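Pasting the structures in now, so scroll down.
There are two complexes below, and they share chain A, which is joined by chain B in the first and by chain C in the second.
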Partner chain A sequence: MSEFFDWSVLFNALTLGAVYALIAVGYTMVYGIIQLINFAHGEVFMIGTFAGLLLFAQLSVPLSLAILLAMLVCLMLGVVIDFTAYLPLRRKHPLADTISIAGLTGFCGLAIAYFLLARAEQSQAAASGLRIALGVLLAAIPLALFALAICGLYGKLGRPKASVTSDRLSALITAIGMSLSLQTIAQLVWGADFYVFPPFAKESLAHTVFESDVLTLGSATLKGKEFVIWVVTAALMVGLNGLVHRTKIGKAMRACAQDQKTAALMGVNVDYVIAVTFMIGSALAAIAGILFAIKVGGNIYFRMGYYPGVIAFAAAVLGGIGSIRGAVVGGLIIGATQAVAQVKWAEYDFAFAFGLMILVILFRPWGIFGKPGAARA
Partner chain B sequence: MSEGPKVELLRLLPGGHLLLERSWGQLAASGGLGLLFLVLPAFVGFGHPLINVGLYVAVFAILSLGLNVVVGWTGLLELGYVSFLATGAVLTFNLLLWEGAGGAHPFASSSLGFLAIILLSGLLCAALGLLRGIPTLKLTGDYYAIVTLGLAEIVYLIFLNSEFTGGAFGMKLSSDSRPTLLGSRIYYDSWAFYYLVVLALGATVVVMDRLDRSRIGRAWAAIRLDEVAARACGIDVARYKMLAFGISGFFGGVGGALYAVWIGTVAVKALDVWQSILILCAVVLGGMGSLRGVLLGSLVLFPLRELLREELFGVRVPPEASNLVYGLLLIFVMRFRPQGLLPRSAGPVHPLDANEQEAVRRGRPRLFVLTEPAPSSSTETPGAGGGPRPGVAHSAETDGPSPDATDVHPGHEGRAATGEGPAEGTEEPRPGIAQDRFSPEEGSGPSSPREAGSAEDA
Partner chain C sequence: MSDAAMLRLEEVHSGYGPLEVLHGVSLEIRHGEIVTLIGANGAGKTTTLNTVCGLVPATRGTILLDGEDITRLQPYEIVARGVAQSPEGRRLFPDMTVLENLEMGAYLRRDGDVPADIEHMYELFPILADRRAQRAGSLSGGEQQMLAIARALMARPRLLLLDEPSLGLAPLICRQIFDTVAKLNADEGVTVFIVEQNAHAALDLAHRAYVLETGDVLMSGAASALREDPRVRAAYLGE
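Showing the complex of A and B:
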């Protein structure tokens, strides 16, 4: 067994586990309320990482601020995804429907135009100005959609007409479509290249925090960047637990997870609660993405969110869907599996994680903290 | 009642009696599609890019039809279909590259070898489908989708890191390992290969159509609508689900073998899960569970992908844009037309046709009744033909109750009154009853073929 155990394996397991836990929270909370595997969550993770990278590396925003802004971007993205893709499947809301469809189509069209200009730019300089204008528009559409989503949630666009009985298969296919669309948009805007997180300047605070050695056990050294991931995850999970169990919105979330119709009758704005759930999950995905990118040092590209996303869903199932504790424990178990597998079969590490996921779904679909009857598939 | 011109025409065809229940529109559409594939080379010549696109569409249409068995008929969202495609392709290349005794390439040097490869590939994938069905039999909904996705990822990772698939670099056919068909090696401009693929597509369509109208198809529909009720009606759910997995896998393997030969190099890296999503997209766009819909979806989607590689109206659209189109299509179709562009014309299940009614009346129900009914019974049931039928079918084609259901109804009422034996009554709703039961849903409009989900929701 000793060939599999090394302190570095433990460090790696905890780090992976913490990242998966952060992503899994987004899945587990959304699934707990609307029973939807939000496939696009992995793409939120990817876009959050890109946002942090661009803010930090190109606009030289301080790292902490860059992370906060990336979280804000993803928070809005989460709401926009819900507003454009999933809300129309739950509620009939003609005006909001039209706007969201127009926004989505416009955004995709602009992304293609942006890509075409990027190619033309190499030959003629005049395209550069147009490209900036397009870039501004590209940013403006999600902002406008976000504003409209918030207005819609507070009834400013008129109350939604009726709830639509859309089946879960449709919702899942929509989620897959959203995931594919976001991935392709990222590919159009940022290309298929691998981006690298730039090294921190020496003497800077970030450098001291992330690059210093915290602990040395045997031949393994715990780097600051791994330690930061643990601390941040632990703090966020404690905070989130408090939010869900101590605050009013947390109570509303738990109520919606139990019974949406009754919660609505008690005066809970269910769509607003769902939007908040998306916000929280997406913001956590952004911070996970940036910290993970700093730890790995690179590998930032348009499909980076797919594997962590699916694995994190596995973690959520393993822990018991709907449970935040479960997401953390599930994330740690899956992270440990992957870290151990990396020792000998590095190219198959994800296969082990997927295998564990399949075993859990087959034999214990309600997870560690769930109750057998609560498993819904 | 005298037989209409259609019936007389169809009786001239070999196997034409199988088409007796079809409307003129259906016959014209399928005939036109077949003709398009058959005469396309006459206009452009073999080796033209358009032929290449045609081959691509035909191969992926076979795959879409295979996926439709699980997604559309059994009602399970399958996300790992690409593993059948990859397995078939890898097996094909390994058999073709196998040198045999003295470098003779036994599988590559004769037509029989190539046909054997296609069959073997299909059978292997059918076996794999059955094997995969054992653990996934009890799963439904999201969990089935995510487990098939996970298994496909594991297969993908194994293929990507194995010697026998060529790993990340892929495999290439040498000139003496190219398959032979009708005496000449298959290259991109081989006419024999083109017609083989078209023939395979035709055969797939016929098999799928017969399945849809058979007892098996009705059992799948029952499982999709309500598994518990299906079990209560005496349907062996496990057996029929396994059958669906096996059939779906078989066509995946056949499609994989044809795909491998069509593309000439197998890069496993390109066969990732997003390929399954692409195939799923064709099924969803056309209409899950609708044969004509799936064919239309393939005809619309797959050329798009190839066209985007070329310059279009002087604008060079990036190839990535096709993925964006697919993603948006999935969202938009699910929101505005969840039943697809061309949903099923009939209700969730096809009513018994004249042959089957006859068989039931004699108390000998069969899986496939391919014999022509006795003349007495075909005149007895107006469903088998007759003058007014084309008109009925035409008016009903746009929207609303299916022509089949309307046709069978009057013929059946008489029989129901005489009180026939309940030979199949437990498993298959009798047409007369089916008409009554399904007509409100038909009338309620676009949501009819998609009750699967609402049943699952309950």
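Showing the complex of A and C:
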């Protein structure tokens, strides 16, 4: 067999590809509908992983339920991100703007207080009620923002003043700011330590599913955890395809991606459809994060979303930004590139992935499934 | 034909940011009427329709639909009250099929008659039945216009707004579309507000007309009377 090919390379390629595809779908769907590169998406991936870890390792929630709850957390986070950061760029709405600013400011203040308290407490053994109270408040603010966002989407916060057409640069900088804010908040809350997904208890269902050997080809063994990533990704992509093509909300999403004003004339609540798009992409990022963390066994920390996020973004561009099919194919291609590169030049695997993206931007900026002229990323 | 106004605009101002396009437009459309708004390019005809639909917010004035103030409502809320628009330039969803475009027209409907109405549209515009699985972007101009009108009708509107339905169409196709609109009005009682540059065809079709010039209503009256008006004949009928 050639020095680059071994069945393990194929397994690795498909696993990486599946994870990138799950993340890339979130980028591409949001871009398709509001032409915004949501740089905070990698942080949603990170927070989803932390949420899953907390639920599973500290609160002993069964893994499947922990994954579902983490997806729910990220679904809400996606809406809060859109409501606080991006909606004010689309609509002038004094009340919503005020809520966004107050909510974010309050949240950051609480995070800092939590951090200072946690540091002060390291010298004392007693767990403080104050810290728990702060933690509860920390969780309550995003929940309140989520509730307000849903009210706002149904016109319960009063009327927006006007549509604003913000330029793409402002939106891009807002996205980067959101990304850094979420990273910093995660760092304040969880510190800069690396966390590890704890090993599954022997005899447990998760252990059987994730740790067993599914297939052995040559010297390569396919682990259950990789196989689960493939199956889950495939099932989610089939489900997503069905949602986008067969359901009313899916058709509304496609309609908004093609022509928002006309979609509004059909009676579509465009802001609601955009929020649903954020929900779907964010929930997929959460499950991608948890499965990936289980696969690699660790590396859970506040910056963990950065590289997978950027690589998945490259995958979305490669496939044609705005195209869901493209995100999947792009993810698989980038995953394969990285897996092959890892055989000999493991330190440079990201360089290969980005090199591929640069080639695409040079020669086919609209990507594999995109349309010429549509790619203005 | 009842006398009560279905749609009434009172001194409506609107525009885009600092650029005001409508400088206090007042007009009314009664139940069962076909009313046309004619005027030159840039007079504010499309802005008028888009202000009614909530796409362009009115800065001053009031828009009443059956007595209810809809001035500050969102587009989807206005559609929910029975106003549908076939926009200028068709604005179909090009990557969706003909059938999916029709389904989008019925987006807010929860009743079970949608499939029956789709069949009805295929009877009204038989060419759409042949094209049902085709991408809307692949249709010819005339077919696209028919689809745009059919899509608006799928909402079962009380008030149908048509923006330049004759734009870019061959005279024969244009004739056919206007005949269909007249038939919809006569048979199904749909109230129609139609914006046209083709003043000849529009005045033939409509019961009443308004003439819009640079954001102001210049004249109004029965369509038959305006057709004979020397100023209208000179400015808009090219006679």
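The rule is simple: the second predicted complex is superposed on the first by the 371 of 377 C-alpha atoms of A that agree within 3 Å, B and C clash if a C-alpha of one lies under 4 Å from a C-alpha of the other, contacts with A are read in each partner's own complex, and residues count from 1 in each chain.
Operating definition for what follows: a contact is a pair of C-beta atoms (placed from the backbone, for glycine too) under 8 Å apart; a residue touches a chain by one contact, two chains touch by 3 or more.
Since this is a predicted model, take the numbers as computed values, not measurements.
Asker: Is A:Gly155 touching anything from chain B or chain C once the two structures are fitted on A? First, second, both or neither.
Answerer: second
Asker: Which of the two partners, first being chain B and second being chain C, lies in contact with A:Phe354: first, second, both, or neither?
Answerer: first
Asker: Is A:Ser179 in contact with chain B, with chain C, with both, or with neither (first, second, both, neither)?
Answerer: A:Ser179 sits against chain B, while chain C stays out of touch.
Asker: Of the two partners chain B and chain C, which one touches more residues belonging to chain A?
Answerer: Of chain B and chain C, more residues of chain A lie in contact with B.
Asker: For A:Glu203, using the defined touch cut-off, is the partner it touches chain B, chain C, both, or neither? Pick first, second, both or neither.
Answerer: In the superposition, A:Glu203 contacts neither chain B nor chain C.
Asker: Show which residues of chain A lie in contact with chain B when the two form their complex.
Answerer: 35, 37, 84-85, 88-89, 97, 101, 104-105, 108, 111-112, 115-116, 119, 165-174, 176-185, 187-188, 192, 310, 313-314, 317, 347-348, 350-351, 354-355, 357-358, 361-362, 365, 377
Asker: Touching residues of chain A toward chain C in the complex: what are they?
Answerer: 155, 159-163, 248, 251-252, 254-255, 258-259, 261-270
Asker: Residues of chain C touching chain A in their complex?
Answerer: Checking each residue of chain C against chain A gives 53-55, 57, 72-77, 79-80, 84-85, 87, 91-96, 100, 103-105, 107-108, 151, 155.
Asker: How about chain B: which of its residues touch chain A in the complex?
Answerer: Touch residues, chain B against chain A: 75, 77, 79, 135-136, 139-147, 149-151, 153-154, 157-158, 160-161, 274, 277, 280, 284, 315-318, 320-321, 323-324, 326-332, 334-335, 338, 450, 452-454, 456-457.
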